[in-house]
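Structures incoming, each one as structure tokens.
Next, two complexes with subunit A in common: one pairs it with subunit B, the other with subunit C.
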Partner chain A sequence: MERQSNREGIKGWLNPGRYGLERVAYWLMRLTGLGLLVYFIAHVFETSSIVNGKEAWQKMLELTQTTEGHIILTIVIGMCVFHTANGIRVMLGQGGVGVGKPGRPDYPYKPASLNSRHKLCILASIGLAALAMMYGLAVLFGE
Partner chain B sequence: MATITPKLSDEFPLTIASSTNSVTLRISKFNPKTDSTATFVEFKVPVQKWTTVLDIILAVKQHLDPSVAVRYSCRQASCGSCGMKINGKPALACYTKISELNSNVVTVEPMNNFPILRDLAVDFTQFFSTHKKLKPYIIRDDSEVTGDTKEFLQTPKEVEEYLQFSYCIKCGLCNSACPTMATDTSFIGPQALAQAYRYIADNRDNGKKDRLKIIDDSHGIWRCHFAGSCSQVCPKGVDPAMGIQLLRGYLLGFRK
Partner chain C sequence: MQESVIMKIHYGTALGAVVLVAIHILFRMTQNFSESLQYESVIANYHFLPYAIMLELILILLSVHGFNGLRVILIELKQGVGYEKAVNYGCIAGIAVLVAYGSRTILMAGFGM
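Let's turn to the complex of A and B:
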């Protein structure tokens, strides 16, 4: 049935390379959203260890002080920054802000909603996330 | 692999003797009644600078394999029949030149997110019924014929509010590129949503309330994530993504 209806399925989400920067941003938004959700659940689990006493809490905290812990936290920083910055762009866009105005279409029909303002915001979100990750790495590994 | 040998006597313009380049055309063959998976058949076909993907499919159909199922009509990006996946991306076969693909291999497959009828031909039943559900016509009590004015005048500016959305040829490429369509079988989809905007933005129309009610649904406009792929592939400059975000502006109260 799936074959006959020929839906692209999850494969369609996982393959963002064919439709330009906006589709990449969509993919990153989903990836970072889910990543943050996983982190959030893990975070609640981790901090809840405090109810088991100081010892258990300390043990959990040590996990974040390993190299792996540092790397995971750095990724979380990157996810946070991209998701927030791009989230603001997406919310504005989805409210109709900055998506261009309808007009007379002329060949070669450049879609006004995929404009340079949005592209710039996507690139800035990625850039900010990279900067934040570098700063995070410097702080975490810098001591 | 079957090959078309250029012959001067051939009527088909593709097969003129001066042709020097050739490409491999890979066509996805699938009959849901008899096959469990799609298979690719390959043909070597001569091409010119101006040859389109539809040209070589029809050349194969004429000379090598008449069984290839493909839908087309106008051959000039007007009827919306020949949408398919060309080297992985949805496009009109008649509007895609081989030379712009930058590849010696041209792979054509049926559009995603539509049921396959056979080979490259897909089923538009759900697509058109969703389009109709959005009331794609002017809604008002009086008509041009009964009024004194004979026609409802619009200024050029009023026309430009909806003109680009009226360019839609119902080819379905946008629905095929949409990532929500990829998993949500009842999503209204970019084509129909853009048409809802087309009529709402028309100052002769009074159906805004009706249409907003239809799209404000669990499988309606809120499933759009503004990935923009619909606008990326639209061959007519409709920019469905813009229409959808402007529609959402009405529902969120940012627009009147």
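Let's turn to the complex of A and C:
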């Protein structure tokens, strides 16, 4: 019964405040992953219109090459860059890179793996995503 | 399959997809973005065999990576033998449908069907 009450489900998953920046990165990683999967499925579907000829393709372009379409694409660029950069950080971390040396757990029990190097990488991932989004906006709206 | 093997596949597909998607985006940059999306330009891309093979690889890598990521998220949220089996088979079906649908586009556009 008590175990059941500890299950927060999606609310616990969505709470970014309790465990600091690493929790925000965990949350953003999943959110961007789901967003990119939705975009990928939609992209496979939209590009399939090419097999129906030039007219169908132009109709699809009219739907996607709009201000809203460009904004969605800019968000996708940001999600893609964050997911890639943070994913590389996670991979390196799981491989033991940048997680520090194991030591005796002393008060205040700060885990060596949640260190400034990884925090910096998370912030750099967010910064890179913002820069890529700005570049994407310039390309998409600069024409 | 062991979860550790699945995670190696997850990371492998991620690294492969990063490289290939970068090439895919660079192809759009070889000309003006809106020009690169014109019907003739896109069809020419599909007719270029190495590019079509690359698109197929991207399709497989991203489908496996994306649906495995979804599987991990769903299993993190809830556990249970029946539930996990349903999630696993659901994600495999998702990969199969997406790869089949995308491959159909690549083949039909590539061979002018």
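Everything that follows uses one rule, which is that the second predicted complex is superposed on the first by the 137 of 143 C-alpha atoms of A that agree within 3 Å, B and C clash if a C-alpha of one lies under 4 Å from a C-alpha of the other, contacts with A are read in each partner's own complex, and residues count from 1 in each chain.
Quick note on the criterion: a residue touches a chain if its C-beta (ideal position, glycine included) is under 8 Å from a C-beta of that chain, and two chains touch if they have at least 3 such contacts.
Keep in mind it's a predicted model, so treat the numbers as computed, not measured.
When the two structures are aligned on the shared chain, A:134 is found in touch with neither subunit B nor subunit C. When both complexes are overlaid on chain A, the residue A:47 reaches subunit C alone and has no touch with subunit B.
In the superposed pair of complexes, A:36 makes contact with subunit C only, with no contact to subunit B. Once chain A of one complex is fitted onto chain A of the other, the partner contacts of A:9 extend to both subunit B and subunit C. Judged by the touch definition given at the top, the superposed model places A:111 against subunit B, while subunit C stays out of reach. By the document's definition of touching, of the two partners only subunit B reaches A:19; subunit C does not. Of the two partners, subunit B and subunit C, it is B that touches more residues of subunit A. When the two structures are aligned on the shared chain, A:102 is found in touch with subunit B, with no touch to subunit C.
In the superposed model, A:61 makes contact with subunit C only, not with subunit B. In the overlay built on the shared chain, the residue A:120 is in contact with neither subunit B nor subunit C. In the three-chain superposition model, subunit A touches both subunit B and subunit C at residues 9-10, 13, 30, 94. By the touch criterion given at the top, residues 9-10, 13, 30, 33-34, 36-37, 40-41, 44-45, 47-48, 50-51, 54, 57-58, 61, 65, 80, 84, 87, 91, 94, 139-140, 143 of subunit A touch subunit C in their complex.
Interface residues of subunit B facing subunit A in the complex, by the touch rule stated above, are 32, 36-37, 88-89, 110-116, 122, 160-165, 167, 177, 179, 181-183, 185, 201, 224-229, 231-239, 241-243, 245-246, 248-249, 252, 254-255.
Only residues 7, 11, 14, 18, 21, 32-34, 37, 39, 42-43, 46, 59, 62-63, 66-67, 69-70, 73, 76-78, 98, 101-102, 104-105, 108-109, 113 of subunit C touch subunit A when the two sit together in their complex.
Put simply, subunit A touches subunit B in their complex at residues 3-13, 18-20, 22-23, 25-26, 29-30, 90, 93-97, 99-100, 102-107, 109-114.
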